[in-house]
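Chain nomenclature is as follows: A, B, C and D, assigned in order of appearance, with residue numbering initiated at 1 for each chain independently.
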Amino acid sequence: MTIKGYTFPLTPDGRAGIVPPPPWHYSADFTLIEYRTNPDNVIALLPPELTPADDPGAVAVLFADWQSCTDDLHELHDPAQSQYKEMLIVVGCKYQGQPASRCVYIWVDKDFAMYRGYIQGFPKKLGEIHMTRSFAVGKCAVPIQAGSKFGATCSANGRAIARGVVTLRQPSPTGPTVNNPPMYNSRHFPAYNGLTPDVFELVRAQSYDRSATEIWEGDAEFKFYPDTLEDLQAIAPIEMIKGYRFSFAYSVNGGPVIAQHQK
Amino acid sequence: MTIKGYTFPLTPDGRAGIVPPPPWHYSADFTLIEYRTNPDNVIALLPPELTPADDPGAVAVLFADWQSCTDDLHELHDPAQSQYKEMLIVVGCKYQGQPASRCVYIWVDKDFAMYRGYIQGFPKKLGEIHMTRSFAVGKCAVPIQAGSKFGATCSANGRAIARGVVTLRQPSPTGPTVNNPPMYNSRHFPAYNGLTPDVFELVRAQSYDRSATEIWEGDAEFKFYPDTLEDLQAIAPIEMIKGYRFSFAYSVNGGPVIAQHQK
Amino acid sequence: MTIKGYTFPLTPDGRAGIVPPPPWHYSADFTLIEYRTNPDNVIALLPPELTPADDPGAVAVLFADWQSCTDDLHELHDPAQSQYKEMLIVVGCKYQGQPASRCVYIWVDKDFAMYRGYIQGFPKKLGEIHMTRSFAVGKCAVPIQAGSKFGATCSANGRAIARGVVTLRQPSPTGPTVNNPPMYNSRHFPAYNGLTPDVFELVRAQSYDRSATEIWEGDAEFKFYPDTLEDLQAIAPIEMIKGYRFSFAYSVNGGPVIAQHQK
Amino acid sequence: MTIKGYTFPLTPDGRAGIVPPPPWHYSADFTLIEYRTNPDNVIALLPPELTPADDPGAVAVLFADWQSCTDDLHELHDPAQSQYKEMLIVVGCKYQGQPASRCVYIWVDKDFAMYRGYIQGFPKKLGEIHMTRSFAVGKCAVPIQAGSKFGATCSANGRAIARGVVTLRQPSPTGPTVNNPPMYNSRHFPAYNGLTPDVFELVRAQSYDRSATEIWEGDAEFKFYPDTLEDLQAIAPIEMIKGYRFSFAYSVNGGPVIAQHQK
């Protein structure tokens, strides 16, 4: 007998792991904001394998309110194990001439989701995310209809990071575009010694059993706050594109490793 | 000019108050669990003005996931100002021979909701509440249908307090019953000196513009954890009644003061 | 038998109360920053019973890292019941021609400390406070000596509120001055109906068994962040005075009610 | 130009990384509890490279209250970047016949400390830790002297995990023993696909510039709570050994990789 597990802490029965083995299933509500910033500063966030998008300054900020589980669904009725919120900043790019996307920053409010993100190449930090929700009844229901306003904020370790509001106008003929192409993230894990990582590889996100509600779109406001640890002012909005609201679900079970980055 | 406000901190323009003036509007999702405990221990939690219910050991535990606002709705798109979760423990009783209810313990995760509760006689402490939610699509959607399981937990200051699960079976012909009669809470505020409170009065909760979805019911599990600061084992479940799931909305703007308690 | 308690929730044995009865004992480390702002905006925060200080624009920001208990000390070895941090904003003023002070804003990170503050007239909201500490050994010890830097931050509900740093220079011949005179706070509790409070009285803080370490002083930086719910820009620093670092302890058991405010 | 950084998120200037490059410097206060449990369940937590200790059921629980920084010390005056608390469970073992130790479970309250732990082979999850502290003055000072009680608790995601109390008796002639030998942890990082990790190696912890205060010892109480996600009841105390209180500091900059585990 020895210790085992898909993730640590490794134990005799493997059940203590911070993340259970895939497949992982996800359902979420999204408030998504698209804007344009200085293209140079988006391009500066790409690894050499990825090239600028046709609209190189376009950025998507995704606020997501998740419920997730594994095949036996047991996490769903222990909500501390299944729910989390996050804010992702996604930029457009190209891989081998084809439209692509990449998550350049992301904050999340639970440890299991943070580590599950590491496995998939999402550079997650811990944060606190708030998002307006729709309820079934009442003056505070914020239904999915023209004029409804969906706000969202992100903070981390006592620092305000971002705030946005989407005011719905109509069903969206196109849906969001920046984050739509295949996403290429970088898995990265430092060595025990020195600055050269043990793992540093470009991967493509892959999912299945995707489903979504109708997408609504509207006007968007968004800003980053000063004094963040990351240089978010470099990618601050210059021109707003649109905001969106929808629900989305998918499942994940690994995907292709595209390239080993030069270490 | 002087400082003003419905609640502190009082300022020249009054806008800094921890709670804005009523009316207050609320929408929520509820996971509600009913059980029977030792009737003596329920009766021991009643003030002299309230007498035992016909089913004197019946207890309702309400997990509620709220979005609330004032008349101009501005809190709705600043979700840190509008959202909160709470767990209430409500017992049955009678006032002047008529069925009544009373909130004997309650935990909530935001300060504005805590203080707004004080104004209404809810004895709120700060806690962390998790509740399974329904989403629109996907394997993790947990739809409102037979077999869906809704879990809920409450903790406070590093202590686990309670855990419950409701497994839906069918639409409920009756809805929950323990918390249904008018609620009689006690507003209480200590004096600056000594043990005799400045405010100690029995009030009846009053609401309007009430609306609700269809109520589903099913089997329920529930337990309190050991080592809580409150003697919750005294009202631990002896016999489960039922669980419920529904959405509910109402508005509040004061109500009748029924009696001054003997101080 | 009936329900009882110094504070709610009222129960047969009274032990569940959010705050146990006084006396209350406190020990703390303080990082304190004094600055001058627009005097008009300080004066605008005073009730009619209090008049401007001789240095009417002086403000003290106190970051405090507390451990507190009641007479039997039991809270001390259950640290979730004894520890909390807070940021207070204190302004100078006069009462009947004598130097006085007043807490105009305050954020704290635990519910028991929040409610205990309400009893004493502190207008507490929930926040997250971080403060540099001194440790006994090591490169990260930040000892109390010239050149050591003590930083402090406060945030609330995802909003950054304030950030300051004190760089120690020497033992302080005078200690801080703004918060030194007797403190006059206002106890306030709304009625169940309407906008006229049930409790609104001016009280003087009173303590005993006071002890303190040597006080160190030095240079200070401080700023409020934008987008707070309170108009803190109105009292933003125009000129820094000094910063201080010291430890302090006292006990509290009520005090004089000075006046009933006009409601 | 390309993106860079010791850790993600990788950016043009590398400054956004969740953990800055070593060396890392640490100062802390420790409350440490030693007990004996079923030796079989300790041995079951060891990888094949490590063999049972001479006292094979001995366990040390370390509650640590940290302040940490890099060479330029800038984190120290931005305390959200330098402070964190954690609870480690350390067991005794042997490596190549020599006394060794290993961290089998650990909870921490900040993301940077969590990830810095991953780099060093600590299997960290997010938790909330409370620890009694010593202050300089007052009734709540809890000085380092006979009779003082230091409590500590750990919870995670709304689950209570552990609670302990150490009552000081005298300076310790030996200091703690279970965690004293060199620590052998396992660095582990899953692959993008499948259950075989990309990184799985045994490393030895290495530190320098170590300093400590006098160590006090005394009686200890400790328990794990029910319903944790990990099987902590398997290593619950059967016999208490001792408790300790001290402050400790060191620096870390990598260390030896001992072996590649069989994947």
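Definition applied: a contact is a pair of C-beta atoms (placed from the backbone, for glycine too) under 8 Å apart; a residue touches a chain by one contact, two chains touch by 3 or more.
Source: prediction; values computed, not measured.
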item: Interface residue identity across copies subunit B, subunit C - same or different by half; value: same
item: Whole-Å gap between the CA centroids of subunit A and subunit C; value: 39
item: Whole-Å separation of chain centres (CA-atom averages), subunit A against subunit B; value: 34
item: Touching two or more other chains - residue numbers and ranges from subunit C; value: 80, 130, 153, 157-159
item: Overall pattern in which the protein chains touch one another (line/ring/star/complete/other); value: complete
item: Sites on subunit D touched by subunit B in the complex; value: 128, 130, 153-155, 157-160, 163, 225-227
item: Contact footprint of subunit C on subunit D as seen in their complex; value: 25-29, 67-69, 73, 76-80, 82-83, 130-133, 135-142, 149-153, 165, 209, 211-213, 247-251
item: Residues on subunit C engaged by subunit B in the complex (per definition of touch); value: 1-3, 6-13, 15-16, 18-19, 21, 44-48, 80-81, 104-106, 110-111, 114, 118-121, 123, 125-126, 157-159, 186-190, 192-195, 198-199, 201, 203, 229-231, 254-255, 257
